[in-house]
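Two complexes follow with chain A in common, the first pairing it with chain B and the second with chain C.
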Partner chain A sequence: MATKSLAQMRPKERGKITKVGGSGHTHRRILDMGVVPSTEVTVERVAPLGDPIEIKIKGYHLSLRKEEAVQIYVEMIER
Partner chain B sequence: MTKKLNIALVGNPNSGKTTVFNNLTGTHQYVGNWPGVTVEKKEGTCRYQDYQITVADLPGVYSLTAYSLDEIIARDFIVEEKPDVVVDIVDAGNLERNLYLTVQLLEMGARLIVALNMMDEAGGRGYRIDLEHLSYHLGTPVVPMVASRNRGTQELLGQIARIAESRVPPSGLRIDYGREVEEEIEKLEDLISQSALSRLYPARWLAVKLLEEDEEVTKKFKEGNVD
Partner chain C sequence: MLTNEEILRAKDRALAHLRSIYGDDAETIIADRRYGFISGVLKDVVKKPAIERLAWSDKIDRVIVNRWLGIPIFLAVMYGMFQFTFTLSAPLMDWISAGFDFIAVRAVGISPEWLGSLIGNGIIGGVGTVLTFIPPIFLLFIAIAVLEDSGYMARAAFVMDRLMHKVGLHGRSFIPMILGFGCNIPAIMATRTIENPRDRLITILINPLMSCGARLPIYILLAGAFFPAYRGLVVFSMYLIGIILAILMALIFRKWLLPGPIGHFVMELPPYRLPTITGVLVHMWERGKHFLIKAGTIIAGVVVLVWLLSSMPWGVQYAGPDSWIGHLGRFIAPIFAPCGFGQWQAAVSLFFGFLAKETVVGTMGAIFAVKEGSLGTAIASQLSWTPLVAFAFMVFSLLYVPCVATIATIKAETNSWKWPAFTIGYELALAWIMAALIYQIGSLLGLG
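Here is the complex of A and B:
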């Protein structure tokens, strides 16, 4: 199955998180907000130059910086 | 005779904590700073039956991992001040994310009430929440609220009084972290239970925090509370 980073996904694409990389406070905060492996995400909107990225996760919307999104890996879910 | 109660409101950012706080305390509130830090501290009082209740509005947090000042303030207040009741304000439209904090509060052994706020919005989105089922699994009372319209405030006060009066210790939800982790927790718990810190905090909670390499808890141990 195709694996990508969140930063490579386009609007309306869906995937299941497989890995959340990174370290430190931002990493921890992202996990605390529910961005954890096996959770489904949908990309809602992507700003010009791919930064920031708005995702929908666990029923709410969250904006991520590109530098955070590149460390989050997802398995694509076919539509 | 007036009975005094201390309660704390805790919850995710934008879960409506401050609205609940205002509903409870009305104009009887004041704003200061937490000792030593310039983070706003709001406290207020309210009366209910024979109770004089002091309400602390803690900073909005997603978790109590002590990675930010807000989280440290909220966590220290709960473990050190030991409020009679902790009210966890949960956005009913965002249960999955909000319940993470709820679980952390239960692990800390807080005497908890879950206030399910924004029930109207959750209903509008088509969510139907089985309150009894949720209450059963969490082992806490669950009070549905619409704080923006001051609904549920009396029911919440009723539960606060009931929980404060009950001498039953908090259920202290216990999560099974799997065999490997549990073995380590058990070893640490044994060591911790001989230390002075275990009189202040639940030993199991300290053990889990040490395994997480929680900076604050690790520091407390290094400060010479244990050998």
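Here is the complex of A and C:
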């Protein structure tokens, strides 16, 4: 199964989180918002200027910058 | 009892142990288990409806933050908010200030003369100044509350973050910057939506560089008198200079004053909701009240102080050459000589501009005892200003000290006198340097 970073995913692609890297305040914040391993995530869209991205996770919408998404690894789910 | 070192060693051992089992750091494991527990409980107790709720919210988003429409819609919302706040408040502000002028004129007639002047020019003027700010502030807070409660505020930050990030700011800084074109006070209060304290402080510090509505009368008068053919272009250049310097100062402050990364953008984009009237009014009142109490007292105090400086010693012409403020003006006027406007009349006008920038024009009118229509020619003939001097003076008026109400707001929002003092200091320096550069370089090029 193909593994990517969340920042590389395109809109409408779906995947399962395998690892949330990083450290510090932003890392904790990402985890607090429910971005934890084995959760399913869908990329909804990219902002008009190309950053940040909007994802759907645990039934709600979350935005984060690409620089914050690069450390989140995802196993792709085929549609 | 364990010593601190023993506790820390035990902690490190426990972390290493956890990592050897789970292959992940403690934070991730804790978050993972917490959400595992939550989903377990949810499975037991919550029954989800078959169809997905709030699908219509997603549909709205497909248009609102659309790749092509996202930015035009954002700009339209900003324009609407600006129009709502400042167009609706303009006549209200005029009525309030006309009402206070009406009372003040009658109060000046009270004898003894000093009491009439204190009540008319000082106290009623001071209270009137505070009250004229009520319409734009309360209307703006209504607009902000509607945007926040509906869920659009988060989308606005989502759309603008990339651009703001480039100039060292957060996506949420954009709205306060735009609002600054109307009035810096509500704009600075709007920075409360910025979570990261560093991002918020930088946004507050550069906000007075956004040319507020009160500075427009100065530009209109001087551009009309000195640049009749390029009036619009000259006024526009003031706004542009303000924006460029705001970006420059934001980069400088980020690098040297408040170094550190820009706050994260990990935030929920909540579903759209219809704001309730009660909710909006509560938000408006909670924030507006704060301005009235905190800023109001400082503003009224400074207005009375300037009244005192303009009236002393007893019996002089109000703000005339022999009043204390006239002496003060004469004393500091030489500082402005390198900028081209080293006359006491200019210095006194700038003192009054500290109360509210539009009074720069009114003060000159009072000093030359002419109506506003012929004020431009009076300045040109009596102070022998050239277009270059007028331009330098306009740039100085744009940049120097925020008005007293803005200073009071910075004090209230940062809860310290340090940051209003810093803002006054850096803006005065920036204004002087810019005006002097323009005058000196312009003179060298023979534009004087």
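Here, the second predicted complex is superposed on the first by the 76 of 79 C-alpha atoms of A that agree within 3 Å, B and C clash if a C-alpha of one lies under 4 Å from a C-alpha of the other, contacts with A are read in each partner's own complex, and residues count from 1 in each chain.
The definition used in the following text is that a contact is a pair of C-beta atoms (placed from the backbone, for glycine too) under 8 Å apart; a residue touches a chain by one contact, two chains touch by 3 or more.
Since the structure is predicted, the reported quantities are computational estimates derived from the model, not experimental observations.
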Looking at A:H25 after the superposition, I want to know if it touches chain B, chain C, both of them or none. Which is it: first, second, both, neither? both
Mind working out whether A:E68 is in touch with chain B, chain C, both or neither, as first, second, both or neither? second
Given the superposition on chain A, which partner contacts more residues in chain A: chain B or chain C? C
Using the superposition on chain A described above, determine whether A:P52 touches chain B (first), chain C (second), both, or neither. second
After superposition on the shared chain, which partner residues are touched by A:M33: those of chain B (first), chain C (second), both, or neither? both
Touching A:Y60 in the superposition: chain B (first), chain C (second), both, neither? both
Touching both chain B and chain C, residues of chain A: 25, 28-29, 32-34, 58, 60
For chain A, which residues count as touching chain B in their complex? 25, 28-29, 32-34, 58-60
In the complex with chain C, residue positions of chain A that touch it: 19-20, 23, 25-34, 36-39, 44-52, 54, 58, 60-65, 68
Touching residues (chain side chain C, partner chain A) in the complex: 24-25, 27-28, 31-32, 35, 58, 61, 65-68, 70-71, 154, 158-159, 161-163, 165, 171, 264-271
Considering the complex alone, what residue numbers of chain B touch chain A? 62-63, 65, 67-68, 93-94, 96-97, 100
